[in-house]
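You will see two complexes here that share chain A, one where it goes with chain B and one where it goes with chain C.
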Partner chain A sequence: MTKCNKRNSIKTLAAAISAAVALAVTALPATSIADETSCSPFTPLIKGQEDFVYVWTLGVEGLGDGSDKLVTVDVNPKSKNYGKVINSLSVGGRNEAHHIGLSDDRRYVWGGGLDSSHIFIFDVATDPAKPKLVKVIKDFVEKSGGIVGPHTFYAAPGRMIITGLSNNQDHGGVTAHVIYNNKGDYIKTVQVPTGEVGGAMGDGYNYDVAINPRKNAMLSTSFTGWNNYMMDLGKMVKDPEAMKHFGNTSVMWDFKTMKPIKVFSTPGAPLEARWNWGKGDDFAVTTTALTSNIWVFKQDDKKEWQAHNVGTIGNPADIPLPVDISMAADGKAMWINTFMDGTTRFWDFSNPMKPKEVYTKKIGSQVNMVSQSYDGKRVYYTSSLLGNWDKKGKDDEQFLKMYNWDGKDLKLGFEIDFYKEKLGRAHHMKFQARNMNTLRPLHAEADRLDSVRLASTETPAK
Partner chain B sequence: MLKRTGWTACVWLAPKRLPSNLMVLPRNGLLKALHLPFWGGVFFLLLQSFGIHWAHAASPDNSLKAIETADTVVPDYVPPRPGSYELMRIMTAADGEVLDVDGKPRHLSEFTGGKVTLLSFIYSTCADPNGCPYAYQVFHNLKNRLAKEPRLHGKVRLVSLSFDPKRDTPEMLRLYAGDNALPNQPVQWDFLTTASYKELMPILDSFGQDVFIELDPVTQQPLGTLNHVLKVFLIDRERVVREIYTTVYLQPDVTYNDILTLLIEQGIELP
Partner chain C sequence: MIFSRALFWLPIGVFYASWAFALGTPVNLEVPLGLPPLTVPAVNPLTKEKIDLGRRLFMDRRLSHNNTMSCAMCHVPEQGFTSHELGTAIGLEGRSLRRNSPTIYNVGYQRSLFHEGREPHLEDQVWGPLLTKVEMDMPSIGYVVEKVRQLKEYEGLFEAAFGGPVNAERIGQALASWERTMISGNSRFDRWFYGGQRDVLNAEEQLGFQVFTGKGHCSTCHLIGEKSALFTDHKFHNTGLGWERTMFPERNNYRVQLAPGIFVQVMGSLLKSFEPPQADVGRYEVTIDTKDRWAYKTPVLRNVAVTQPYMHDGSLSTLEDVVEFYDKGGIDNDNKSPLLQPLKLSSAEKAALVAFMKTLTGDNLAALTHDARMAPASPPSLEQDPSDAYMDAIAVYP
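The block that comes next holds the complex of A and B.
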């Protein structure tokens, strides 16, 4: 049974947001994903020092070439270019660049445009310091049967799972997962359920996915459609009808069959989906943008998935707007960014059913994405949410900032002003290694699996 | 970059990239990757340098003992029932020029069409228990299981294709295969290699199988280790790849059910 905290209704929050806008505190919810611990379990990981951070950056009219671009930053402290932009690869035009994802062999980065629905595939292996655009998919909407807004790019063996955010019929939030192979060929479209599955009604909305191979489970979350994410934020929050069209569900899927197992009521736009890769406790987590809740998904004693509302982020009445999250590799801690106050929050997850906020730090006037290294010692932040949702005026800071984390405090390592560098709005990040041979598999259960293999038995398959 | 003494170079056999993309790997990292202590690693490398192949010292069956003594983790879910789901049509299986254990030139397509095929890229000297030996173990398990069902005889094929043409000659593969490669068995298991990297690379390219070759920094000669992420491909009788299993997802029960699912799709009545 789903346990739902109804303390913060969307209606109440919409009113609060309207009030905030009226007070000229511009900006709101968000979208996001990132970091080494959020990579697909099928993608080999950088478990040491990352060499490069790629930043998928929104072009801004009148700034530089005005186009979306993949920006490469050298982040190895031993490099003479440490903390500097070493490459900027423009894709030509503005597409509402949003998220990027690594292929299962980490040789390619796929990036999506939420407005154009174009998908850009970059070779990041031939020369990791200088990515090369090798393919542009422009018929995603046509091939997928009308899906709009390619958001998450999550690697599965030999293929890429792409979450759509919208559709080309009403440009609302009812949408699907779309699967392509690694060559960039369309395979299949899987609709997000709109009917009852496992006791709750699906709303068909989509946002992020994350897979746990050991459980054969995939969690998906939900956001909003093109009508909203491309609308000016101030206009949207004053439109009660628009504010009704946010996702309120999460879905647990059978990954193997890509069939939904159970729909959960998680009101208020549950965004990032993450699995704990730590030992012995297979739980997933998400946070809701509009209601500031933390949801944990675990199996009960009967192996049925349940959702638990385990915490509240900040004061929902202040509209903190939780955006990106980053879980530690051992599952014992999680960073949560709140966009409106530009703050990052460190939560102790040693008891996932009772997590506690233990540290906060203001990163900037606005902050969206957070990506931590596998060892958790380096934490990277970027600023942009959506082109029409970022703050205005002097609060529209656009940056990449790197901090060193000693377990007690974040200390700034370097920062790059993306406006000063005439790059654009800094959004999603992915890491890369100079030497691909240093990559290591996550395995199903992180480091425990160094010598562990899955049992091969002679028992008949069920 | 490759001239530092005490470092081991590696060549990345990535698709469309012949051995020209050189990278460095600390020697200790190599030994750690092999799960060998330092002197054990030295001994292993000496064996390699004298041409004493690991497969001779430890046949796949012997290497399985190391796996069986390790902790084992049973996937924590019940595999979906055969025929209750549809496997995606991921891509067309590549063709290419290969050699069988008799050294006869063949086309890979001869070994991927007409039957449900499980294809793995291996090399006979692989010592990583999470790599080729594990794939061998799974194949062996499936072969035995399929052999117990007469109705399935002749409908499923296993293929192990080497990505080490230099050492995995047809003769070497015949030794590696042992009785598994004998003809007229209920479950066909073919062991294939290629004449050279020239024939191998397009196949790796099309399947998306990365391989790294460790090089001696001084001589630039291969040390014998081919680092790779294990991938196993399930191919239907129309030569379409329907599933890809990697290290975290290659499980005998699941693979067996996937094979049955493809057979059901063909209209074959299962026991």
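The block that comes next holds the complex of A and C.
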């Protein structure tokens, strides 16, 4: 499915991957790479104005066609359609649409359903304004050996790393990473550790991954299984048995070998994983949804990874539920959303060991995802957390909102009411450019690491 | 032919030679120590073919509308065929159920199914969860039959088991056949009480038995017979728990675990934007008789140590919690069973009671789990909707 460089067979590409990764690990420059919300370092970036935002949207029974859909919003201020929905591509069913991820060439978006475990692959390069569904993977559970709930889609050279959240044995949280190639073929399953690794016990739970190639490090975090993520949030909080089954660990992996190096105790469901790419600042961050802590992962003087609890978000007794985070391009600041109070919080990360909250703004009755542009001047928010975790009644606002950030204040640019538009619950966002040639090339490629370019399949930017 | 009611039921171990059930390989279940003879409907004798088929159906996630829920997702083999991770169950698309998933250990002995006993027949029971929107949400009986018929893994299996193709009755019979094999006895209690092995229970456990049958009055409802025990009277009782959950569903605050050892008190007002608790009137929903309001079936206590959480709504996490609840005499309300009175048990007696209940664990649980896992959970799904495929298959164009 993914269009491959005709000069190289798939086999050649696969062979190049390990070399590419090895080179990237040892030779990637310490250039600042923005996460551009949460992109893999192997995915080319949009360096200027993004043209489109894709919103992976949950269908709601009785609203419109009730189906999950990939919604395309025109976000270029110079466009006559600025701030408008220009396309809606229904995929059929309510799959518990959750996260989407860009392929290593940014030509495809992969989207998962946490309930159905279906994976939808969209061509977003042929006509970025009108994505096309080109493949549906329906045998993820069978192929992966019983993994349920494909969550994160994180590009590696020629590969897509998919985190599972659950399993088909008990719908609990013990699960695995599942690797596919760019064609959409299953490669292998890598279990999250349940035993002791590096001094702490793994719990087998999973959520997000983020890779730092120059450190050959991959951080994974942990959430909960199908039983909980599919349940009404209020019901779950009142159920003592359910609340016993959240992930409490993060894991640092050797990325090349996909072997766990060390398990960290990070109690209370650590969610989004992000690396800071600043020079000499190879630290990663996560926040815990239940205990409202900020954790920083950093190597000590002996090059051993250590986890540090560096801050508390809001009042944990109110369960503010920190959800999505977005790190600025220079790694000096981070947006943190808290779902329950619908608030976004700007944290100064100049000193990652002592970050501090410097700005807050209420975005809506509930807020989940946050994605910022490469220059940090535009910040996008969506409302939905999970189909059954979203609030009910009048508090169930569903929106995409774009704000302009001047370093001091957020000013609303546009907003779209996803219920009024009969779309559904707005969840994960990814940006796209109308002209693929404007994409920022891989940093590895900019530094003439040809094998990395080779491994990333066809290079859109010439 | 006219049969008396009694002749509809035959004890296990009887050789089935009648024309009515000549098909398949007869299975003669060995009933373990402590359990009474298991009766099987004459119209559905146990055969290996039906048991194998029933196991496959029980474990198959494709028996739900969107292929995500099998019976085993709520009745998890490794979790005592209930779910340790949920107080009340979660159905298709995460929809909320009102009650805890009951274990299927020894389900063949039940005289009624579900906590309020709405279903008398094990053969018919499966159609409740299969068709209920909050559980597996299959659109119709015919849809289920067509879906199973079109799944290639079932090709020839119904014919081998029943001599004919899949239909609704046979699906129920196959499932009931496998479920009847989930018998579990020969516990330490059985070996002590029925087997005459005097050293099997220690002093505390024996004290617990005395409390169970004496001061605690537990055996008034959780019956123990001379030759066998199911630890149930098969009746329905109002303990007050259901009444309180329905009449006073919300609390001012909830003690919530955020992580192991980390708890907070969460204000109930913070949760008002979410789903409210659902009313549940128990046995009354079947009989429409006010005497049955908030009455629930006495559970079989065998394997109770591995079937937590407890009560019809899974609201009590441990056996200690359960003993404390009954020691207080339940929760007073107009319909509360007069059998529940404050017990005034000492700490030692409570601990002994818990110790005794832990002796009721059967000796074959690992084998039953292994048996269940012999069937696959996620075979390939159908490419085409089964009702569409059916209509295509029968289409006749002029």
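To be clear about the criterion, the second predicted complex is superposed on the first by the 405 of 462 C-alpha atoms of A that agree within 3 Å, B and C clash if a C-alpha of one lies under 4 Å from a C-alpha of the other, contacts with A are read in each partner's own complex, and residues count from 1 in each chain.
The definition used in the following text is that a residue touches a chain if its C-beta (ideal position, glycine included) is under 8 Å from a C-beta of that chain, and two chains touch if they have at least 3 such contacts.
Because the structure is a prediction, the values reported are computed rather than measured.
> Which of the two partners, first being chain B and second being chain C, lies in contact with A:Lys188: first, second, both, or neither?
Only chain B; A:Lys188 stays clear of chain C.
> On the A-aligned overlay, A:Ile325 touches which partner chain: chain B = first, chain C = second, or both, or neither?
A:Ile325 sits against neither chain B nor chain C.
> Would you check which partner chain A:Met334 touches, where first means chain B only, second means chain C only, and both and neither mean what they say?
Neither chain B nor chain C is touched by A:Met334.
> Once the structures are superposed on A, label A:Val178 by its partner contacts, choosing first (chain B), second (chain C), both or neither.
So A:Val178 meets neither chain B nor chain C here.
> I'd like to check the shared interface: which positions of chain A are touched by both chain B and chain C across the two complexes?
Dual-contact residues (chain A): none.
> Going by the contact rule set out above, which residues of chain A touch chain B in the complex?
Of all residues in chain A, those touching chain B are 41-42, 44, 104-105, 107, 125-126, 157-159, 179, 181-183, 185, 187-188, 213-217, 254, 256-259, 282, 434-438, 441-445, 449-462.
> Note which residues of chain B are touching chain A in the complex, please.
10, 12, 14, 17, 21, 23-25, 29, 35, 67, 70-82, 84-86, 88-91, 129-130, 134, 137-138, 141, 144-145, 208, 210, 212, 227, 229, 231, 241, 243-254, 256-257, 260
> Show which residues of chain A lie in contact with chain C when the two form their complex.
The touching residues are 93-94, 96, 115-117, 138-139, 141-142, 146, 148, 168-172, 225-235, 237-246, 248, 267-269, 288, 290-291, 316-319, 340, 365, 387-388, 391-393, 395-396.
> If you look only at chain C, which of its residues touch chain A in the complex?
It comes out as residues 61, 66-68, 73, 76, 78-79, 83-88, 90, 93-94, 96, 254-260, 262, 264-267, 270-271, 273-277, 309, 314, 317, 377-381.
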